[in-house]
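Please find the structures below.
In what comes next, chain A is part of two complexes: it sits with chain B in the first one and with chain C in the second one.
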Partner chain A sequence: MANHQHAAPAPVGGSLVNATTLVCGVLIAVMLAVLVVRFVFGLGSVTNLNDGYPWGIWVVFDVVIGSALACGGFSVAMLVYIFNRGEYHPLVRPALLGSLFGYTLAGAGVLFDLGRWWNFWHIFAPGYANPSSVMFEVAVCISLYIAVMWIEFSPAFLEKLGLTEAKQKLSKMMFAFIALGTVLPMMHQSSLGTLLVVMGTQIHPLWQTPLQPLLYLLTAVTMGYAVVLFESCLTSTAYRRKIELHLLTPLAKVMLGFLAAYLVVRLGDVVVRGALPRAFAVSLEALMFWLETACFVAPLVLLRSEALRRNPAKLFLAGVLLMLGGSLLRVNGFLIGYETGDGFNYFPALPELLVTFGIFAIEVLGYIVITRRFPVLPREAATH
Partner chain B sequence: MSTRRDFLKGVLASGAAVTAGAVSDAAVARETKKRPPDALGLLYDSTLCVGCKACVAACKQVNHNPAEFSTLDHLWDTPLDTSGYTFNIIKMYRNGTMTVKDQEKDGYAFMKISCMHCADPSCVSACPVSAMTKDPVTGVVGYDADKCIGCRYCVAACPFGIPKFQYDSPTGKIGKCELCRERYKDGHYSACAEVCPTGATLFGKSSDLLAEAKRRLALKPGSLTKVPRGKLGGADQSYEGQVGKYLQHVYGEKEYGGTQVLKLSGVPFEKLGLPNLPEDAAAAMSETIQHTLYGNLIMPFAVLGAMTYVAKRNVKPDDASGDKEGN
Partner chain C sequence: MGNMNEIFDLGRKGLDEVERRLDISRRDFLQFCATLAATMGLPAGAEAAVAKAVESAKRPPVIWLHFQECTGCTESLLRAEHPTLEKLILDIISLEYHETLMAAAGHQAEKARLDAMKAHKGKYILVVEGAIPTKQNGIYCKIGGHTAVDLVKSCAADAAAVIAIGSCASWGGMPSTISPLSDSSPTGSSGVAEVLGKPVVTIPGCPPNPYNFLATAVHFLTFGKLPEVDDKGRPKFAYGRLIHENCERRAHFDAGRFAMAFGDEGHRKGYCLYKLGCKGPETYANCSTIGFGDAGENNWPVGCGHPCIGCSEKGVGFQKPIHQVAKMLNVTPPTQYPRIVEEQGKGASFASAAAVAAVAGAAAGAAVMLTRNLGLSHAAEEAERAKAAAKPEQGKTGA
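Here is the complex of A and B:
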């Protein structure tokens, strides 16, 4: 079954107008309206941001979590091209598409959040850059990676447009972009965790550690595979296609390997730093810590045997749990476990939430439009 | 065909990269920075402060900041905390019957909250575009709005909660004390120290201020001593005053590697809103990690080289493999 002569990707086809795309359209329109207010009247007019919580869901959800959930492309490309597991090739394009949207919109989300966005280019100007800043590294790497991903994905567009010659030329150099496409996410996904280090004692001991880069990198890879499980199951159901179990079952095993490595580092770190007693305090932080840990441990139990890994429902559930666990690690570090002093509270305002919903809607709409019109998903051999 | 061999190569390449990181660790560890020898700063003595808030008003004036209201009548400036428009504030500690000044129980005390001008500031380390800078001579932590992209990482990073953002404006800036660095050339110094009637806020070289703080701690509480006002080493405006009942701790002497603004108090600093901080700055740890992973871009290029080598072997161009998938 798992041979290297895969069905070539082909457009799914079908109508672009349905209930899902219409809802997405409305959410996107609402987001645009909120953004007009934000750019005319300032961040305070639509968000609940304050000096105790200068970063809200636009940073933590749209960028920190959004980009980690967009690591499917990186995780699968790494498996296929670096570890030479060609059998997973059919998963590359759909995973890359999800990543492309996740990252491009994370980049756009940053611009909405920047208080002085018109100066954004300073990040790339040598006279301004501060290479010691973790934020500098994150910003440069994410920007470069977005460009690299568009190049990696461009064969799908070139095929559709019939630019065979250009596609062939590009394919000769593709290995270089693929290599870049594995290194850049390793750099910024780890640095997204390092962002917390300079905040020092303001971060709860359960989430403050010098091992931050390793924890964030391992969870980003794990979340990448989890998203592939999630997307494959969802796409198969929505488009009434066969679930690619012959790929997902072994992929789940790879994912569990990364997960086990993460749990060893994570729990070992908490114990070695002496932070474990804080997990048994009666506090929101302790509760969130156990919730987060449960989301990471449960998939190990859910998918413990080969038979269980062949069960699509279990794969889907494990994928969702890991996406949730990785997201909780990030929310807990950046918001729940962040404390600048008394008198500050943060819960996102409605317009703030609407922007995050709008960004999610663009991702869903974009995924539908592109998979229906461009060659991304493998062609179904025998449809019924 | 050679799946297993290439798989092993991938593992080796990743392993080599991780080892390279571990080896270079010790070489680039960045120590917590110390105050520059001629660093300028303030000494705030809580026991001398009478809570008149002349310093708050003067700070507003010289920084051209608007009034902020916390009362219904909107008659005068009544900020409750520092903000994008209030860089200096006097806060009050109250306990029980509030009968004795500078006493933790049944007492009250004042605390001046403004930038500490850290020896190793988190905000400067955090800023991606060098909008926050530390002057190499005076050590003053300054802000340049023309460089700032408004990411607010400095706001999140500062353990004292000092840089604040103007959320109410589409062109909001960060607001923070810059120790009146623009006023030195006219012979002025920090406005808060200039106007302080009791010498509770004193301007000067941090090293001199630290010596003055230690002199006060060594004196007998209740005895009389010469209390300087305005600028230490400047025109003599001193008077004879009583020595306060101090805790034997100069806040800022060692916290985060030291700050240029120093504080004395009779009430534990934590109760007055100043955090318990270790002697090593968080910026040192953060930059050690950054420099270990990215110093001279050695690691990224090593990993990229390994990845390119492996990818070149594993990625088959269209025409070579007959594989129609391209990427």
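Here is the complex of A and C:
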């Protein structure tokens, strides 16, 4: 990457008060109010969780989907540092910022969902932890990754604060954190799929496969690139900046490669396991399966040619569809295709939803504040 | 430990002899040995050692003394419904002196005891049944002109081991019960250990479970020593846990389901008897695990619907009123219990469904608008680029 000369990152600047930040602020305030009730009166007072569905949207959306959508940093870093594609370097910091928020809030989301949250440290204490558990792997790995990501991102803060010496010292050790930052997400993103393997026959045959770890890993990488497309298109529209098409067009091609590999594994697995007839049954699960598959197939069609990959509208739409497809894969496995016994029922309660909305609002607000005040996005010559 | 293979050696001489001697099948005999080993909590393989010890029939001599008691301990041993138990007891040990069972009477009986003590000096087991009155030099219980105190002291002097059977011999039992109007029992009834001034093995209970006595005797026979005991001399294998800990009604206690009166709905449904005064929570014994009376599963006081009276526990049995609520030694039941209804979850409420729909709609709308704008600006750029590309050509043709 040393061979590549890029515009240095710089704060975007501008006012922090606008319609978007105000809406985010309100959503966050509502979430905090709900959380007060949750921590005083317990999970039952604000959620629809029950013994059959101990995991609701706080786990599935805030943690499982939230961390997958936060794989942009990992996916781009992998491309830049492992495959040595230095031309994508300007995408690293913004992608890492999204990841930082996604993961940090996923970690916080776990705390909201723990019935006896004050025991959260047990998983890190050797006397309490059960090292053969999938949950242990996920918890420790995600916690480590959050710490690693803050370190990876810290140059942005150090630059802002003028601590150049500290930044130089850090940059000498940075390779180790970058390596960790690439390995750790691979470990826990696949382990999130292993959680479904562990649930065994409680999962609908369309999602009940020992290949879940691989599917989760492949979709996490794909979603990471999709988020970068989405984020780039959105920020350039919102901040009226030029879209980095020269980066996004080849990036989309890489993404399609991962996507094609995923689809081969996914559909091949469904056919080989003989689960395909279940996809043609008249059921909610079958409908959701096709919806999910359509979201994964559509980008292949949308971005089939180089010319189409140069169209930001198509890139944006493909990114959104892939994010949706990856989210559906996770919702379908953990909630819709999950059957724990007769009579159990789950649909998130309104306060439960408000917390999830609030978490996403924190991510948006945080992204706006940090890009406007800290050097994250590449400096742009004033064209407007 | 014994060798398990020996158990399956059908041609072994010892087993044939046992079959003949006890008039029971080999299967029943081995089953009995396994039961005893399990009662003592011995590891796998111990049954072989027990079987070997029993079949070799060394038969330790036993002198059995009766003092202030009702003979209930002896009765429970002899009347065990298990077809071979009494036979085994009398086969395993050589009962040299036992007032209830011996044919001899009067001075002849006393002579038999003295002869046995002389012949088996230092080798016999002394079993004491009943409390020993100590007031006024023990004049309240005399046999052959000797007080109980003198008898127990002289017999214990040359004994290889002393076992106190029943609550009376263990700590005084029912005869030692103190009336609220006095500060000591009428005859000063005491346990064996108190009189001898040294700890002895105690098998408390009123009556105690015959298997606990038998297992203790067989332990002595098999390993040459008495089993491990607690601070009150009770074998740990039998008295190591509270009755409450392994009670079959324990789940009702934890869930807060109590019988409140005899014959009420809870009582008929087998709920916990704690509120009827069950002393299981403060009584150490294995009644709840091995039952009583050999009449099958659940045949013990609590299993029959009566609260435990704590007969084997000093300070509880015969001391506390039967229906007085027990003092909890570990967890006290709470006054309030969590509901045990399992929530199965609700479907979508109007508000939550509306919120999901609104957010999904807003997101979809925003995505569509953004895509359209991106598409429009892209089209405009493309058109501009096409125009820019076309201009020089136009210029050329124009020129």
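The definition used in the following text is that the second predicted complex is superposed on the first by the 380 of 384 C-alpha atoms of A that agree within 3 Å, B and C clash if a C-alpha of one lies under 4 Å from a C-alpha of the other, contacts with A are read in each partner's own complex, and residues count from 1 in each chain.
By definition in this document, a residue touches a chain if its C-beta (ideal position, glycine included) is under 8 Å from a C-beta of that chain, and two chains touch if they have at least 3 such contacts.
Bear in mind the structure is a predicted one, so any value in this text is a computation, not a measurement.
Following the overlay on chain A, a clash is recorded for the pair chain B and chain C.
By the touch criterion stated above, A:312 is placed in contact with chain C alone, chain B being left untouched. In the superposed pair of complexes, A:349 makes contact with chain C only, with no contact to chain B.
Of the two partner chains placed by the overlay, chain B and chain C both lie in contact with A:51.
In the superposition on chain A, A:119 makes contact with chain B only, while chain C stays out of contact range. Looking at the shared chain after the overlay, A:43 reaches chain B, while chain C stays out of its contact range. Counting the residues of chain A that each partner touches, chain B and chain C differ, and the larger count belongs to B. By the document's definition of touching, neither partner reaches A:281: not chain B, not chain C.
When both complexes are overlaid on chain A, the residue A:29 reaches neither chain B nor chain C. Contacts of A:202 after superposition on the shared chain: chain B is touched, whereas chain C is not. The single stretch of chain C with clashing C-alpha atoms against chain B, selected from 200-208, 236-244, 344-352 or 362-370, is 236-244. Once both structures are placed on chain A, chain A residues 44, 49-52, 343 are touched by chain B and, in the other complex, by chain C. Within the complex formed with chain A, the residues of chain B that make contact are 2-3, 6-7, 10-11, 13, 81, 83-84, 122, 125-131, 145-153, 155-157, 159, 161, 164-173, 273, 275-278, 281-283, 285-287, 289-291, 293-294, 300, 303-304, 307-308, 310-315, 317-319, 323-327. Across the complex, chain B is touched by residues 4, 6, 8-9, 39-45, 47, 49-52, 54-55, 80-86, 89, 92-93, 96, 113-117, 119-120, 122-123, 128-137, 139, 152-153, 155, 159, 167-168, 170-172, 174-176, 178-180, 182-183, 186-187, 190-191, 194-195, 197-202, 210, 212-213, 338, 340-341, 343 of chain A. By the touch rule above, chain A contacts chain C in their complex via residues 44, 48-53, 233-234, 237, 311-314, 316-317, 320, 343-350, 352-354, 357. Residues 342-349, 351-353, 355-356, 359, 367, 370-375, 377-378 of chain C are the ones touching chain A in the complex.
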